[in-house]
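Each remark here refers to the structure printed beneath this line.
All chains are identified by letter, namely A, B, C, D, E and F, in their written order; residue positions are counted from 1 within each chain.
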Amino acid sequence: MTTRRPTQLRPVTIEPFPSAAPGSVLISAGNTRVACTAGVSRELPPWLAPKPGEAPKQGWVTAEYAMLPASTPQRKKRGADSRATEIQRLIGRALRAAIDLNKMPGVTLNIDCDVICADGGTRTAAITGGYVALALALRHARKLGWIERDPIVGPVAAVSVGVIDGIVRLDLDYALDVAAEVDLNVAMTHRGQFVEVQGTAEHRPFSRKQLDAMLTLATSGIRKLMAIQRRALR
Amino acid sequence: MTTRRPTQLRPVTIEPFPSAAPGSVLISAGNTRVACTAGVSRELPPWLAPKPGEAPKQGWVTAEYAMLPASTPQRKKRGADSRATEIQRLIGRALRAAIDLNKMPGVTLNIDCDVICADGGTRTAAITGGYVALALALRHARKLGWIERDPIVGPVAAVSVGVIDGIVRLDLDYALDVAAEVDLNVAMTHRGQFVEVQGTAEHRPFSRKQLDAMLTLATSGIRKLMAIQRRALR
Amino acid sequence: MTTRRPTQLRPVTIEPFPSAAPGSVLISAGNTRVACTAGVSRELPPWLAPKPGEAPKQGWVTAEYAMLPASTPQRKKRGADSRATEIQRLIGRALRAAIDLNKMPGVTLNIDCDVICADGGTRTAAITGGYVALALALRHARKLGWIERDPIVGPVAAVSVGVIDGIVRLDLDYALDVAAEVDLNVAMTHRGQFVEVQGTAEHRPFSRKQLDAMLTLATSGIRKLMAIQRRALR
Amino acid sequence: MTTRRPTQLRPVTIEPFPSAAPGSVLISAGNTRVACTAGVSRELPPWLAPKPGEAPKQGWVTAEYAMLPASTPQRKKRGADSRATEIQRLIGRALRAAIDLNKMPGVTLNIDCDVICADGGTRTAAITGGYVALALALRHARKLGWIERDPIVGPVAAVSVGVIDGIVRLDLDYALDVAAEVDLNVAMTHRGQFVEVQGTAEHRPFSRKQLDAMLTLATSGIRKLMAIQRRALR
Amino acid sequence: MTTRRPTQLRPVTIEPFPSAAPGSVLISAGNTRVACTAGVSRELPPWLAPKPGEAPKQGWVTAEYAMLPASTPQRKKRGADSRATEIQRLIGRALRAAIDLNKMPGVTLNIDCDVICADGGTRTAAITGGYVALALALRHARKLGWIERDPIVGPVAAVSVGVIDGIVRLDLDYALDVAAEVDLNVAMTHRGQFVEVQGTAEHRPFSRKQLDAMLTLATSGIRKLMAIQRRALR
Amino acid sequence: MTTRRPTQLRPVTIEPFPSAAPGSVLISAGNTRVACTAGVSRELPPWLAPKPGEAPKQGWVTAEYAMLPASTPQRKKRGADSRATEIQRLIGRALRAAIDLNKMPGVTLNIDCDVICADGGTRTAAITGGYVALALALRHARKLGWIERDPIVGPVAAVSVGVIDGIVRLDLDYALDVAAEVDLNVAMTHRGQFVEVQGTAEHRPFSRKQLDAMLTLATSGIRKLMAIQRRALR
């Protein structure tokens, strides 16, 4: 277990990760480690592809989430599962909220979040680190001249909160997550507004009051994560 | 579009649906129609199966969600997609919150939610109707003598809320959903406690104040849905 | 079991079914219930697609058959199986026989037959109901101006016949089907001509004389089904 | 095209085929060539497997049908398709009619029909040749002592008939099949009784009179095929 | 087991095989039998397809390898497996070495190697027989006028060698292959140069000296195979 | 391109990699980086599983190879492809040669090789790094008491060699690999014996003399890699 105070984040770092992608960072939160890599391409998904002769009107951001087999003590089989599908849809929505898609016409950002070590909070780490990778890949796209104006609306970061033994706690590791009565993942912008709120009663339903306390704690945690993002992007 | 007041539900009915399953209802919310069917079996999923010679300690509730090809104006291809995967995980978690799994050892409840006509709010209708199907299937399991004590902790129902043109609205149909800046799905118990809260900023992030207003409106809507569930179960 | 006379159909109804497809009916034959829905699109299958610059010469009719999980007392798993594959090929061939494909150039009719409750005779009910859905969808296509001339050659309906304990019987329900020595599915036009004849010896081979008796009984049953089709299309 | 008389079979041979299976023949009908191989195993399909401690009550016959890529002038892609699925279900049913499954408890016969050259009539050739392979494999199973009594009820053979330009013809090759208004596949026992009758109107529906003429012609053709089967089994 | 001398090939024949492909032979090596068929098409794989308006610069050779279910004493399930994947990549590379792809712009050669009876050495037989099928298909393509100049650089053939009980042996059948300490597959040109060398220590690693002896023996065996290829192509 | 001398390895390091697996290293060879992780389990593959009541007689080593999407400049799609299938079979065979499987009855070693950055030589790096991960995982298995005697026969390492512009070169990076006329991958034991030799003529066949030169150069390179392995295991 942990000796952190309930309102404290685990130690978080965002470092360069040596892949071949233009945006490539490793985010660590305690023992959780997620490689977040971002590339750009000029292929839009079919439902956004312009008609022949027309110019594209917008861009797209897509995300994939996977766990390396060695990321969990018991080896994780390769291949998509329903949990990963749910998580990568969450990551994609959260990161699209950081972007004005109209300012990157014809450009797709591919974010890959590969979990190297899983100790709770991998989906929120993927969002927080994924934003940094995305921002780096956009710098690359601007250098290539694919994008004229900066499409970033503002940073997005995410954290988990929960209730364990009646106490509201920030940034659950695996042991806390298993013990939690409620698990809430929150993604926010730098202005303190929500882009995703996903709360699940794991063992028993939660009250409006508990929800309020969790939202307040998540807000404070995300502010700290955004400072770490800013440093990584300097 | 709709002439409903922002705080009003669409007309909701829960009727018997003539399938072969012991719990089988059709829930309609405006033009949205979802067949919710529930059956019981004595096969546990592998991760809950007891060792040979041991008695099972708990039961399980599993849910599947699918859309009939004719449920949307443009024909929907058959087969699972990532949206359906995310939705059926939500339905399963919400319905498990209605049940004390320890009171149905060795029994699995299978809930199937098949969308017959989709006009917004299919996932929340599936939860609200799915609870009724589940309760009917449990009555059947008790008649069979598979379950001794009633495992129901209390009803669960769900509704969507959103913000359209700055106004908080209850129970979004498809036209409202497309126009919504925020889309929040809420599942609650009869005691007014949350089992799932899933909010997504579709176009722009939402404030704490908007979230609060949406949660309040969802709570009032769910109370009405629970009255309709009670009537269906009488 | 049944107290019907061997030459009697089960009670059959064809009613509107509230989906989003332009042709949408529910056919009931005793406890068997199949939702038959039909839509039109302007996408031809690849092998009929005209070369760029050329006009399409014909249209197409395609059918899919599936069973809802709750359609059988023991839950039916989702996903195609070899029985469904064989059945939907039969339905497609039978319904194409009702149509002059040259009179609907560039238009595809998609028929979906989703079994809601299965008590024998689902494939023949799907053909009989599918024809009605198809005819309704063609009216829609003509309103849209996609088709100029009515492509319908004439109605098609289908019924099963069999031999049980040496007696030739019409319209087998599940209990009869299990007991049958022979199972024959017949699809016919309104002129009393065959479009499909599929007979299978389930337990012992059948004589030419038995086949003749079954064909005669099927012909009389199909005439009654066509009267019900006509009423549904009025 | 062909200069055969309408009532004449193509030249048919059934020869040994050098595979590793105990029953292994190559059937040729004109240019059509199908390798029919049969093996025996002591694994029953799951739905027939006896409970632990109980003896199996019956056996099973299963069939697979596939086309080699080089069997058609335009290369055929590998892998199952819906046509093959429908055909192998037909072959399996027809061959099971040749066998008393209760006389081969616990034994499965696997028949594989691999089309080497396709010029019409592959499914009926597969049944006719498959019966010979099956009979050879049963001799092997009796030598192994797996089966005590001969489970063969009698031979089964099959042929196609059709109507081309109003004329009823036996044993359609590809050119005739394409031109046919009706295509009827018939499988029979040595006593002149039917095990499968599958007739399809390809371009226009067919009358009872045409069906009668086709059944009579098929019966005469199958008698000749059974003489060839007998010689192959001597 | 075998009474062949260690330096002797099994009896090898290459005969016409009656499929619908322009190049179609059956190669036998002892009891091993592989149908090698080759066709030509004017569809290039996507990564070689020229841009619209441009002429193709080269052609392609692709190979597939599969085993018929009856090719092994214990029935082989249909469908690709990892061993087949590895083998067909080897066959494709070896056969491409026989061809100047620049001399067949826009043409794809599809080689299919279907194992009819497997008694060791199927992959090398597939290369040796595949070359003959490929050469026959190219003659066909030249008759069609699809290819102007002969793209064949020279023949390619292959053989296996191994070490059994310390003795270097040519052309391993199944019994020898199972007993082998080393298994080496070698594909060569008519000039005695290597196009593929694949050696695997099955039970214990092998020395440089053993490798040298195996390469020498393989070279002599391949010379004999090329004489058989030449005869088959006359 | 590179300024290395033809007989020189790229800079190679083997460092700890922070996953959850007991054996977990990152091997770098120039810009190529592969995470090699190894775990142990007590589940044997089906074909080695002992009968009920019997003790297992041997263990197993299995390997998987995959590339992270960001490992190549153009994003690599997730999911197995035929190249990966061929490579992971090579890795598995090479690593099994390092082990006496009879000394680890009932234990399976799972090696995962995940390419983080691909600049040529990923499969040989996977073998060299995979051996170190395997050795670390075996130490763990011995601590758990699952294995009594050390099953390691000796280290295995691998390197690529090739011919570029007629010059034999060691350890090809991507630019050299693309230019190579021949590509040879060699895996050896510490006693200088071969466990795998895989040579492919990429553009033109290679002579016996070239093969000899490549084998000699590979042998010297592997000796250096084994020194790096030893240091990593100290």
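Everything below uses one rule, namely that contacts are C-beta pairs under 8 Å (C-beta built on N, C-alpha and C of every residue); 3 or more make two chains touch, one makes a residue touch a chain.
Values in this document were obtained by computation on a predicted structure and should not be read as measured data.
S.K.: How short can a chain-to-chain path be from chain A to chain D, counted in steps between touching chains?
M.R.: Graph distance in the chain contact network comes out at 3.
S.K.: Just grab the chain with the largest centre-to-centre distance to chain B, centres being mean Cα coordinates.
M.R.: Looking at centroid distances, E is the chain farthest away.
S.K.: So how far apart, in whole Å, are chain A and chain B when each is placed at the average of its C-alpha atoms?
M.R.: Distance between chain centres: 27 Å.
S.K.: Please work out the Cα centroid separation of chain B and chain F, and write it as a whole number of Å.
M.R.: Once rounded, the distance between the two centres reads 50 Å.
S.K.: In angstrom, rounded to a whole number, how far apart do the mean CA points of chain A and chain F lie?
M.R.: Centre-to-centre distance between chain A and chain F: 33 Å.
S.K.: Could you list the positions in chain B whose residues touch two or more of the other chains?
M.R.: In chain B, nothing touches at least two other chains.
S.K.: Counting only chain pairs that touch, give me the topology of the graph as line, ring, star, complete or other.
M.R.: ring
S.K.: Could you please specify the touching residues of chain F with respect to chain A in the complex?
M.R.: So the residues of chain F touching chain A come out as 17-21, 24, 33, 35, 37, 39, 41, 64, 66, 68-73, 75, 78-79, 110, 112, 114, 116-118.
S.K.: Please output the residues of chain C touching chain D within their complex, sorted ascending.
M.R.: 82-83, 85-86, 88-89, 93, 97, 184, 188-189, 191-201, 205-208, 211, 215, 219
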